[in-house]
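In the two assemblies presented below, chain A is common to both, partnered first by chain B and then by chain C.
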Partner chain A sequence: MLELDGVLLASVQTELTDATVVALQEDLLDRAAATGADGVVIDVSAVEIIDSYLARVLTEITLAVRMLAARTVVAGMRPAVAVTLVEMGLDLPEVETARSSAHALEMLARR
Partner chain B sequence: MNDGAWNTPVSPGDDSRRAAAPNGSGARPHDGTALVAEALRSRREQLAQRWADATPFRAVYVAGRDAAVGAAHRLVDALAEVAGSGHCADPSAPGFERVRPQLAEMLAERGAAGATAAQLGAEVAELRHALLALVRDHASHEGGDAGDAVVAAMELVGTLRLVAMETVLDRDAGIIARQRQEILDTATPVLRLWDGVLAVPLIGTLDSARSQVMTEALLEGIVEQRAEVAILDITGVPMVDTVVAQHLMRTATAVRLMGATCVLSGIRPQIAQTIAALGIDLGGIRTRSTLADALAWALRHIGAPAGG
Partner chain C sequence: MGGAPGAPTVLPIRSDGDLIRVRRAAREAAVRAGMSLAEQTRMITASSELARNALVHGGGGRVEISDVTRPGRRGVRMVFLDEGPGIPDVARALTDGFSTGTGLGLGLGGARRLVEEFRVDSRPGRGTTVTIVSWSRSPT
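And then the complex of A and B:
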């Protein structure tokens, strides 16, 4: 996890199990609170499977980070993952999305 | 002549001996099916010559009568095999398998010449005249029950007709499947309108299969081109109902999850009216009336130089 200009950048490099997802969630929120970051970027470009649990946790992270007065952007979702989520009816309405981490940082810097 | 010599001494034994001879079926001797099989075998040449003049053969094998007779021979042999095995009513009888390719070829030729499926069926059914005349003749000579034989022959021709129709349907189904795939592959191009702007001009009815292909192609395009805006142009979609709207919503949502923005354009007044009347909520999608408007919005959104 990196911190750049008040933005936390978490890049997920492995397939996520339920346990690592929970660890990621706690870790991110702790760091966000500690550093007072205004943005959190979760790069999921290496993730091939997002199940309903992970989708829910992404939404929870977004809502929790919002309470810390910061924004969350999920970046680099793969086409197959996007299609699967839509098929499952999980359209993550609360979550902001970006094409890549760079795009996400740009978005956070812009506003 | 020969019959007389057989019949005079042992009239009742005659039948049983005959039945054992040609096919060893042990069924009731000279029942209709066996008689038809026998007629087909012993009068193979005669029937083939007459069939060669019938439409399905004559019209297809225009190169020469020999070819038509040869094809007719093969059909007679196949029918003899079917009748011999006693499965006159079974379209999957082994005998038919041998002539399926030939039938398919003949019927395809007739179909290409403009014959409808109904006409093809009638043409195949016409073959029965020669067969029935021959079976009747054979029965009267051999002393079998002509009525049973005619019924069996009719059954056999009926099954042949069914087999012929199956080959026509198989061919048509193949053509339809191939064309459907071609339409799927060619009808959903993903165009790069500008650096970072993609468009998919949708033409024709949007069903689930097409919508899936379109979504996949669009998402792949977004990754490849690093596109920020994807425009779905529905100018060529004749009608939008709840199903189509749902497909569009899903595509737009998937595009959003990828981090790009989806714009729906080409909504004609009638379609806008229909969507409103159906109470479909396209709230999640940004819409523009024309592709040009959508492109103008996209250029502003990505911050492209004005006037471009």
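And then the complex of A and C:
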């Protein structure tokens, strides 16, 4: 996890166990609170699938980070992942997305 | 692939780490069937939902993965079996609580939307068997 000008940047690895996902969630929230970050970027470009479990955790992170007065952007979702989520009926209405981590940093800087 | 033609690959679903192995095997089978990236992603995502259901709600079980064919097409069949409490109302489980993330329906209705053939066989106290089949759109 990196910190750049008040933004936490986390890259999610390819193959995630549910335990890793929970650890990432706790770690991100602790770091966001400890550093007083204004933004959190979660780069999912390496992630081959997002199932309902990971989708729910991404939503929970977004909502919890919002309560810490910061903003979460999920970056780099693969097109096949996006279409699969929509087909499942999971369009993640709470989650803000960006095309890449660089795009997410731009969005957070523009605010 | 493991085993003679027609013999399914059987993997246990007993732990968090097993979910990764099921997804990996689903991807390998989808690639063997000649599925596109979008088709592979649907199949792997459905397998992830159903394997987690077997683990979390069924107390663990196993999956049987087979390469299947019909004239001009290749596909993948995955059968998820558990010996858990079973699903009292399958129709309800397919719709109930999916978007809210609560209840047995979690993942079941979503998985059904991702595959071409979907069958749930479940009775209270007798466990649950979910069978899915998807076909590659590209010809053999």
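One rule holds for everything that comes next: the second predicted complex is superposed on the first by the 111 of 111 C-alpha atoms of A that agree within 3 Å, B and C clash if a C-alpha of one lies under 4 Å from a C-alpha of the other, contacts with A are read in each partner's own complex, and residues count from 1 in each chain.
We adopt the following convention: a residue touches a chain if its C-beta (ideal position, glycine included) is under 8 Å from a C-beta of that chain, and two chains touch if they have at least 3 such contacts.
Keep in mind that this is a model prediction, so the values were computed, not measured.
S.K.: Which term applies to chain B and chain C once both are placed on chain A by superposition, clash or fit?
M.R.: In the superposition, chain B and chain C stay clear of each other.
S.K.: If you stack the two complexes on chain A, which partner ends up touching A:T97: first (chain B), second (chain C), both, or neither?
M.R.: A:T97 contacts chain B only, not chain C.
S.K.: Output check: A:A75 vs chain B and chain C. Expected answer is one of first, second, both, neither. What do you get?
M.R.: The first partner, chain B, only.
S.K.: Between chain B (first) and chain C (second), which does A:E15 come into contact with in this model arrangement: first, second, both, or neither?
M.R.: second
S.K.: Mind computing the angle chain B to chain A to chain C from the CA centres, in steps of 10 degrees?
M.R.: Roughly 40 degrees separate the directions to chain B and chain C.
S.K.: Touching A:S52, do we find chain B (first), chain C (second), both, or neither?
M.R.: So A:S52 only meets chain C here.
S.K.: May I ask you to decide whether A:V83 touches chain B, chain C, both, or neither, giving the answer as first, second, both or neither?
M.R.: A:V83 contacts both chain B and chain C.
S.K.: Measuring by CA atoms in the overlay, how small does the chain B-chain C distance get, in Å?
M.R.: Between chain B and chain C, the shortest C-alpha distance works out to 8 Å.
S.K.: After overlaying the two complexes on chain A, where does the chain B footprint on chain A coincide with the chain C footprint?
M.R.: 78-79, 81, 83, 87
S.K.: With touch defined as at the start, can you tell me which chain A residues reach chain C in the complex?
M.R.: Answer in residue numbers: 15-19, 48-53, 56, 78-81, 83-84, 87-90.
S.K.: Which bits of chain C are touching chain A when the two form their complex?
M.R.: 16-17, 19-20, 23-24, 27, 37-38, 40-42, 44-45, 48-49, 52, 98-99, 101, 106-107, 109-111, 113-114
S.K.: Quick one: in the complex, what on chain A touches chain B?
M.R.: 74-79, 81-83, 85-87, 91-92, 97-100, 103-104
S.K.: If we count contacts the way the header does, which residues on chain B are in touch with chain A in the complex?
M.R.: Against chain A, chain B makes touches at 215-216, 219-220, 222-223, 226-228, 250, 253-260.
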